[in-house]
Amino acid sequence: MPTFNIQLFEGRTAEEKRKFVEAITRTTCETLGCEPGSVDIILTDVKRENWATAGKLWSEQK
Amino acid sequence: MPTFNIQLFEGRTAEEKRKFVEAITRTTCETLGCEPGSVDIILTDVKRENWATAGKLWSEQK
Amino acid sequence: MPTFNIQLFEGRTAEEKRKFVEAITRTTCETLGCEPGSVDIILTDVKRENWATAGKLWSEQK
Amino acid sequence: MPTFNIQLFEGRTAEEKRKFVEAITRTTCETLGCEPGSVDIILTDVKRENWATAGKLWSEQK
Amino acid sequence: MPTFNIQLFEGRTAEEKRKFVEAITRTTCETLGCEPGSVDIILTDVKRENWATAGKLWSEQK
Amino acid sequence: MPTFNIQLFEGRTAEEKRKFVEAITRTTCETLGCEPGSVDIILTDVKRENWATAGKLWSEQK
């Protein structure tokens, strides 16, 4: 029953997401030996102004 | 101090959410024996294009 | 497809958890109008030394 | 490698967020003795209609 | 900067986890076009007595 | 009502955690202008065998 919560920068197209979740699910089933139907993936689009590394928002990184 | 993070498909009305959190809080207090004031619930509206089951986004399920 | 992540202090018995998730699922289906099979609940037992309110760990509250 | 997920009510300006993540990162490095580059912070803006305390949404609190 | 939080039933060996995160990272970089160094994965081992589907804990499913 | 979920490597002492949450709460109140009582912090101790960067578990990094 693996459940994925994946946070990534916003801006991915529906097509990129479609391929991404399909590939992640396949890889998961191959390496963990589980059924595709047991894999749930929830994507969270994060704005660059809401993610900071080293104390600096990505909207301000250069 | 139970804290709930609940992910559900977007599209619920404010009235549905109002009844939902009220009922969940009551049920929690009855079964766990805690005070209503100690129950926090955060809802996250998830787009169907951001949730996949079995490798397929719900925006593409038929 | 509501998915619950619930953080609560450790110390609940298996029986308390059993009743809790059963009641929460029933309440969810009644108020949101969804199928029981679509409700997932993940509980996280949190130690009092890992939860702080007002800057103070619960292991140190009196 | 501390990673922060911080949920707060929506409405903060970019400037407030900028100062907040900078200060949190500095405080973290001082108290835990880690490098700024190892600190990631993700902010989640939560609408008042999606957060309930004591069974009541904050959009309805008076 | 994709960051994964993956919840799965406890019981996986260190070797299974090693192969899993390696494969997930490779798949992510191939489909999203990002650097391996930008991919963080955090696994959470969940006890069957802490995960319920359809109102029933997995420790009680038969 | 900021609520923090902070994931960090296991191994911190209770004393380190005590100072950390106290300092984080103070910094939060100063920069966001909120009451200490509205700040909740939940720490999650993550084993090195459950955290990967660049496809490699930290238990295997050298």
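Which chain is which? They are A, B, C, D, E and F, in the order written, and residues in each are numbered from 1.
The rule we apply is simple: a contact is a pair of C-beta atoms (placed from the backbone, for glycine too) under 8 Å apart; a residue touches a chain by one contact, two chains touch by 3 or more.
Remember, it's a predicted structure, so these values are computed and weren't measured experimentally.
Any chain that touches subunit A and also touches subunit F is listed here: B, C, D, E. Its interface matching that of A-E in over half of the contact pairs by residue number, D-F stands out among D-F, B-F or D-E. Interface comparison, D-F versus A-C: the higher count of C-beta contacts falls to D-F. Subunit B has its Cα centroid 21 Å from the Cα centroid of subunit A. Here the spacing of subunit B and subunit C, counted between their Cα centres, is 12 Å.
Centres computed as Cα averages put subunit C at a distance of 22 Å from subunit D. The set of subunit E residues touching two or more other chains comprises 1, 3, 7, 24, 26, 40, 42, 51, 53. Screening every pair of chains for touch gives A-B, A-C, A-D, A-E, B-C, B-D, B-F, C-E, C-F, D-E, D-F, E-F. Subunit A meets subunit C in the complex at residues 3, 40, 42. Residue ranges on subunit F touching subunit C, taken from their complex, read 14, 17-18, 21-22, 24-26, 36-37, 39-45. The residues of subunit C lying in touch with subunit B in their complex are 1-9, 12, 16, 19-20, 23-24, 26-28, 30-32, 51, 53, 58. Residues 7, 46, 49-57, 59-60 of subunit F touch subunit E in their complex.
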